[in-house]
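Naming follows writing order (A, B, C and D), and every chain is counted from residue 1.
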Amino acid sequence: MEAILTPTLGNWLAALVTLMLFSILYKENPLYRIAEHLYVGASAAHGIVTTWNNTIKPAMTSMPTKGTWWEIIPMVVGLLIYFNMYRPYAWVARIPMGFWIGYNAALVLSARQVIPFLSQMTTAIKPLVAMTNGSFNLTQSINNILFVSIVLGVLIYFFFTVEHKGIFKYAANYGRLAIMIGFGASFGNTVMARISLLIGRLTFLFGNWLGLL
Amino acid sequence: MPWYKRLMGIDRRILYIIMVVGITVPMFSPLGLPVPEDVVAQAAYDYISNLPAGSNVLYSYDLSASGMTELKPTSDVFIDLSFQKGHNVYLMALWAEGNNFSSLWADPIAEKHGAVYGENYINLGFMVSFSAFLEQSRSDLHAALNGGIDKMGDKLSDFPMMKDVTKAADFDAVFSFNTGDPGPTAWIQQWNATEGIAILSACTSVSTPTMVNYYQSGLLKGNVGGLAGSAWSEFLHGTKGSATGGMDSQSLGHVIIILFLILGNIGYFASRAAGDVK
Amino acid sequence: MRRTLPAAITLITGLIVILKDIFISPAFNKLVQDYLVRSITLSTATAVGLGGISLIRVHSRRVARKREGWYNSIILIFGFALLMILGVVLEGGHNSPTYNWFYQNTAVAGSSTVFSLLCFYIGSAAYRAFRARSLEAGALLISASVVMLGSTSIGAAISPMLPKAKVWIMDYFNTPVIRGVALGVALGAFAQGARNLFGIERGYMAE
Amino acid sequence: MTPFMQNISDGLRPMLEGWLYTSGNFGLTSTLFLIIYVSALLIMVKNARTGGSMPKVRRIAGLDAVDEVVGRATEMGRPVLYSPGIGDLSAADTLASFNVLGHVAKLIAKYDARLIVCNRQPNVQPVTESVVRAAYFEVGKPDAYREDDVRFLTNDQFGYAAGVVGIMNREGVSALVMFGLFYAESLVFAEAGNQAGAIQVAATSSTSQTPFFIVACDYCLIGEEIYVAGAYLGQDRVRLATIVVQDWGKQFTLAVIVLGTLVSTFVSITGGKGNMIIDLLKLY
């Protein structure tokens, strides 16, 4: 098999898939559809194959040797989810769903998540009057005031049960403006990553495939 | 049609062509602009280079192919650095795709240093359920690693470098090359919050603000953010890799996007002045 | 039975996990680890085929009824079946060279390509949607431009102030905004977890 | 740490060690916070169930848009595409998304329009199926539910994105409703959606993706707003009650930061060291 499936042929296939998917930039077309369907099908299979090889198969082969027969129970519980496709007994599928949701909801709500929350709170605290070596530091003070006031403004913006009126209105508007500036910065800071991706793809096309680089 | 209407209605496909050309040209003839300094990447570099020889450093490839351009240069630099400093290098992946890259990127460097598998470095493979792994490894690392096997399926207990490493706390630092979750957040929540293990990260520039935030909160010891961070770590390491070269395409790409932004706004304000839009 | 049993399972499972996080008892912790966490892994793994079944069901029906674009569905089923068979039958499964050849050159190539489309979309979004319609939109636009220029070598060449302005915006606007939003998000997420745990929200059980 | 807090912390350590949370952390403030927060939540829920008075929730523009967008889609006779994001069940955003999906599905069922749901996670797929089926059942049109319209695409992040873009174009989707955890594919959906002529409403708690949604989508929810969406859209008293507790949490956070900042400023001016408020919080 390896004799036929050479790296060069592989590069051709990958380049074909790449160009067909890029064609969506022109408009949706039959070539895009072919690549899209191939990609979706292959990657969907990959998810199942890796789960089978990494989890289910090892668990089943180790049952007789390690005596972990109890593992059949959670596997059967997992299989109950397939009842979801059979309408009259679809409710049976709620058993694994309930199990997963319980576990995951608890992960969302655990003391472990509270620690980063409290830690973030401590880092929002800064002295409004900053001193460096015993003397007043104006720039740092202004920056600190800006920092703390933005955190507070943003928090107030997210008050849902307090009507945005009076001082709250000003604070919330200030928070919202800060959110826009902050998110604008995030946007600008992302451009670099996106260009990197295109560089990576162009390097593949011009270098690995056409050998021009 | 008035000029401003034409300016507002440029076909997006023309914009796309301009972008491809602008980014491709420097790939063939570099402009040679200087690399800007990056203090957070510097912190990561300093942290790893200050770990004494014999430290156990876990490099986790929590990434998909999309992170290749930005993360491979960093991986090259840090794996090389760790071998130079005589660390024990542990490789693993929280992402299935990362499992390929851990070998693809690190093995050539290990070979260059003449490192012995199982003594100087080892590949622990891919963890299907990251949350289960991170949890279980706190008490029993070997069991958590796919039931005690390495990437190739060999028994961990046969390797000398796994003898004294039996729980998460035995690692001195974890370095996550990541393109999303599970990544540093998971490591911090599970290993840093509970075991106090130092976590470092190399991320794409999308996640950089979040990671810098973590760094400032002390949750991360350092972060190599995006191509700029990679280029700076190449500079610190004294190598000129693909990150340094890619920075030129970056500069041009940024300028083009800003030009689009300005063009769009000129068109918008002109038509507003003409009373066409409110 | 149809509602109480799943709700009870949710609550009990959740409480065990929460208790484990609060009180450290090594024996209890190990028990939860060895059985509960492992059960989650296994039950999720056995359920993974459901997605595949849904996908193949939709597309095989499309082929059977010769609906528009049915030949694309054949390609999808082909790609799916090929990797399924190779991944299960071949020695080494998804680590075997043959499997990897197909996977790398279809799915991985596809992944990098679709991801890199973002570069183009950022360009068209900058042109189309980034208009200073209001004070807020203007603020968004200006901070994005400054940060964009400040990130690259060209920005530094235009004015040494730009990289400094970028760092200042990131440190004193971006960071506190993300922190403020994250604090709210954390509180919201706790409430969301509690609503699901205590069965206050269970839309999937209405039938 | 201030000497006073150091004494307290040293005194408490032997008592708590081996019991509360972890070896590295105290687990004191985190546990306390969790217990108080959840208790407050449960008390408010009980209060709401027995008919206590409820504060009003302010308007959230992005959420009001959901009904409008679905309505417009119906008028045009084109389908609505719903994405619950790419997170699995362990993401709070995904859990929040189910409630919004339920609301959207009910509207669609009522208007006899068409809803397409695209999933990326195998274990989210059955839950969304149940939610949509339940919604059709509740509206009294169980037979109008089409199982082929709640689809699983692929576990692959960008494979999922490629699939959604294709479906958007081929099915002539008029509106794209995205509630859940999104990563880089956010902008692919938003821009490709725009090019396909769909109106977009988006919500995610991910701070790295919200900027793209703000720029490229017609309506966008920010941060915590996604966690109030279900209650807001359903106008359900019991769930609205939990929003009040979320607000108390924020007021508490605000108070702590203000107090901490005052102490910090005082310490800074007098040239002292440490901050008791921070030390106290750090008993987490």
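Here is the rule we go by: contacts are C-beta pairs under 8 Å (C-beta built on N, C-alpha and C of every residue); 3 or more make two chains touch, one makes a residue touch a chain.
Nothing here was measured: the structure is a model prediction, and the numbers come from that model.
*Asks:* Give the label of the chain whose average Cα location is farthest from that of chain B.
*Replies:* Most remote chain from chain B, centroid-wise, comes out as D.
*Asks:* Any chance you could check whether A-C or A-B wins on number of contacting C-beta pairs?
*Replies:* A-C
*Asks:* Of the chains shown, whose Cα centre falls closest to the middle of all protein Cα atoms?
*Replies:* A
*Asks:* Report, in whole Å, the distance between the mean C-alpha point of chain A and the mean C-alpha point of chain C.
*Replies:* 4
*Asks:* Take the average of all CA coordinates in chain A, do the same for chain B, and state the distance between these two points in whole angstrom.
*Replies:* So the centroids are 15 Å from each other.
*Asks:* Once you find the CA centre of chain B and the CA centre of chain D, what distance in Å lies between them?
*Replies:* 27
*Asks:* Using CA atom averages as chain centres, what separation in Å is found between chain C and chain D?
*Replies:* Going by mean C-alpha positions, chain C sits 14 Å from chain D.
*Asks:* Where in chain D do residues touch two or more other chains at once?
*Replies:* 21-23, 25, 27, 31, 34, 38, 90, 92, 95, 122-123, 126-127, 130, 133, 152-159, 162, 170, 184, 192, 207-208, 210, 212, 214-215, 222-224, 228, 243, 246, 250, 253
*Asks:* Could you check chain C for residues that touch two or more other chains and list them?
*Replies:* Within chain C, residues 18, 21-22, 38, 40-41, 44-45, 47-52, 55, 69, 104, 107-108, 110-120, 122, 124, 128, 130, 140-141, 144-145, 148, 151-152, 170, 174-175, 177-179, 181-184, 187, 189-190, 192-194, 196, 204-205, 207 contact more than one other chain.
*Asks:* Quick check on chain A: which residues sit in contact with 2+ other chains?
*Replies:* 21, 24-25, 33, 35-37, 39-41, 43-44, 46-47, 50-51, 55, 81, 84-85, 90, 94, 97, 100-101, 105, 107-116, 119-121, 123-124, 148, 151-152, 155, 158, 179-180, 183-187, 189-192, 195, 197-198, 200
*Asks:* Looking at the complex, which residues from chain B come into contact with chain A?
*Replies:* Spelled out, the residues of chain B in touch with chain A are 13, 16, 19-20, 23-24, 27-28, 66, 68-70, 96, 126, 128-129, 131, 146-147, 188-190, 193-194, 204-206, 208-209, 216-219, 226-228, 242, 246, 249-250, 253-254, 257.
*Asks:* Tell me, which parts of chain A touch chain C in their complex?
*Replies:* 1-2, 5, 10-11, 13-15, 17-18, 21-22, 24-25, 33-53, 55-56, 59, 70-71, 73-79, 81-82, 84-85, 90-91, 94-103, 105-114, 116-117, 120-121, 123-124, 143, 146-148, 150-155, 158, 175-192, 194-195, 197-198, 200-201, 204
*Asks:* Chain D touches which residues of chain B in the complex?
*Replies:* Touch list, chain B to chain D: 12, 64, 66, 131, 180-181, 193-196, 206-207, 209-210.
*Asks:* Which part of chain D faces chain B closely enough to touch in the complex?
*Replies:* Interface residues on the chain D side: 21-25, 90, 157-158, 183-184, 195, 207-208.
*Asks:* Which of the residues in chain B come into contact with chain C in the complex?
*Replies:* 10, 12, 15-16, 19, 23, 33-36, 64-66, 68, 97, 100, 128-129, 131-132, 135-136, 139, 209-210, 212-213, 216, 228, 247-248, 250-258, 260-261, 263-265, 268-269
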